[in-house]
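Both complexes shown next keep chain A, but they swap its partner, so chain B is in the first and chain C is in the second.
Right, the complex of A and B next:
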């Protein structure tokens, strides 16, 4: 157990070390999200801060997060296969440690992205939030599901020859139910209505996908 | 034996179609948005069985995929692939009949009813499964990855088929287990569900055999020529 934890943390540390060398994911995902946000805000114009449009706005935040995630997260595994480092990684860590390390890296990346883009989003669109705590919990629940689901799908995509658009094609049917639930939760948080049910469902989705991913990852990862 | 089964399936489905169109009474309160389409409720005998059969297709594919992940026999992969392909046809037909019915009854083809959301995601899922297969060349890797994807789908499926339809405050569809219908209508619907499900499994087994033939080195002509 202790050595498994050490392996997981080593994978996580390796991911961050590689990332800080190139800053590929940080800059791509961050700028992707920022430019999409500019586009949303620019095209809505003064409409964006009108009260009639308020219930629609959280949808944009989740669309931005989903597409930014699909631009940056697949790299976790695709890069390993491309640079030929996948086999040494297979030899040096157990599959579940590799999965948990990569998923934690993706989760930390997504939470950073959320912490970066949400204040911009709220500021630019002048969006008042009735229950900031619930909004933050919805962001956390959505982030966990997005990170875990994307990690498993990325491992699948890395085995394919045509990788570019395949990630989005495979990930969206799996992630859409979560997106629908967290959009409902963030709408409730903005309007101040009760969101317990949606948040509970979001965490249920997160735990189900996590367990399934841990079971499926070994067959995806080991040739 | 196989011939008898095939003929009885044909007779059964013909009987269901005749009963659906001529024998079953019309459902109350389904005469169209302006009351000008009294016969429109008969689409229930096709829409509901198609949707149920596509649900079975989803489950069948997942079961064969999980079996493949355990045993790794290529035959199981062919069965899962065939279930998705034939299931996609049933799923498209269920969506189209549902949209047509929705237009006649409520004036819109599509309004993101929870069941429409589920079936739209199911369609995306079938498509994604097939494009994943297309993107991987090595047969063993292709079978492994697509089986894992289909097994992941079954984890998300309860949200689509059970949780979200119940969560929604408004739906055009009856709640699960909450539909009340005339006895004769109910009988024909159940008979149609049985018929269409059997039709699905027959088509799926044919398609699985075709896929196995395509994958083997044997050309179909060779097999026909063999004694």
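Right, the complex of A and C next:
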């Protein structure tokens, strides 16, 4: 167990070390999210001040996060395969440690993005949030599901010959239920209505996708 | 040097004792035995009924023209690819290794193996040492032994230095079974001398399977498999 944890942390540290030296995912994800956010806020203005239009805004936030994640997270495995580093990794680490290390990296990247983009979103669209704690929990639950789901999809995409459209095709059925749940939870937090059920469903989804990913990943990763 | 088996139309009679697990008289500490290996990519049959074996202290040389399946065979033996037919028996320190264990315990060198170009040579080896549960200092020792700079980024290495780094990666966890695909590629004369010395040291206790298009200047060759294209 300790060696598995050490392997997972070694993969996570490697991902961040490589990322901080290239800043590929940080700049891709950050710039995409920021430009989309500015486009939305410039087009719609302080829409949050209108109580009728307010329920639409959490949808925009999750669309921004989803597309930003789609721009940066699939690289996790594609880059390994394309650069030839996947084989040494296969030869050296247990598959579950590789998956967990990569998923933790994607999660930390996504949480960083959420922490960076959400205050801007709330401020620029003048969105009042009735229950900030529930809103933060919804962001966390959505982040976990997006990160773990995207990591598994990225691993599948990396094995394919035609990679371009595959992420979107696979992400649609896997991530759509999660997005519906977290949009409901975020909306509840904005309006101050009960969100216990939506948050419970979001964490249930996270648990299911994590268990399924850990079971599927060795098959996807190994020949 | 004696051919065991030749793939394809031509067949050379075995002239060295062939390992048969069911009737083996002595159990070797280390053994890699492959029988009837078949692998195709779509309609292209790359490997057809390939057999071979190496035991403690032995070196098996696999030769063949480009595209004859040498690298595919080595990938199958390393557990990076599954043969569609055939059996691979891998014994290290008397233990029969299953696929997952084989993948992690053999030493594998191939021109396809690349390293993280953003990390230094030492950081690369320390990462793989941590993943394999090996003392990270081993990476530095191997870099010194192979005459590689510790702090140069892997992406800035020459092709010969990259090959030396592949050797360091293959030997990092002190494997008893080495699978070497074109091990002398891009190396200069001192580099060849160094790695031949390392290979000779390895063969005092382990075994090696070497794939190369031509027979080359190796410390010794105990068995030879030639793959027909």
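Keep this in mind: the second predicted complex is superposed on the first by the 219 of 223 C-alpha atoms of A that agree within 3 Å, B and C clash if a C-alpha of one lies under 4 Å from a C-alpha of the other, contacts with A are read in each partner's own complex, and residues count from 1 in each chain.
Heads up, the rule we're going with is that contacts are C-beta pairs under 8 Å (C-beta built on N, C-alpha and C of every residue); 3 or more make two chains touch, one makes a residue touch a chain.
Keep in mind that this is a model prediction, so the values were computed, not measured.
Once the two complexes are laid over each other on the shared chain, residue contacts for A:201 go to chain B alone; chain C is not touched. Touch criterion not met for A:1: it reaches neither chain B nor chain C. Residue contacts after overlaying the shared chain place A:84 against chain C, while chain B stays out of touching range.
Of the two partner chains placed around the shared chain by superposition, chain B is the only one that A:161 touches, whereas chain C remains out of contact. In the superposed model, A:133 makes contact with neither chain B nor chain C.
By the touch criterion defined above, A:17 reaches chain C but does not reach chain B. Shared contact residues of chain A, touching chain B in one structure and chain C in the other: 223. On chain A, the positions that touch chain C within their shared complex are 3, 6-7, 10-11, 14, 17-18, 21-22, 83-85, 87-94, 97, 222-223.
The touching residues of chain B, when paired with chain A in their complex, are 69, 117, 121-122, 124-125, 127-128, 131-132, 134-137, 141, 144-145, 147-149, 151-153, 155-156, 159-160, 163-164, 167. By the touch criterion stated above, chain C contacts chain A in their complex at residues 78, 80-82, 100, 103-104, 106, 108, 110, 112-119, 123, 127-128, 130-133, 169. For chain A in complex with chain B, the touching residues are 152, 156, 159-163, 166, 169-170, 172-174, 176-177, 180-181, 197, 201, 205, 208-209, 212-213, 216, 219-220, 223.
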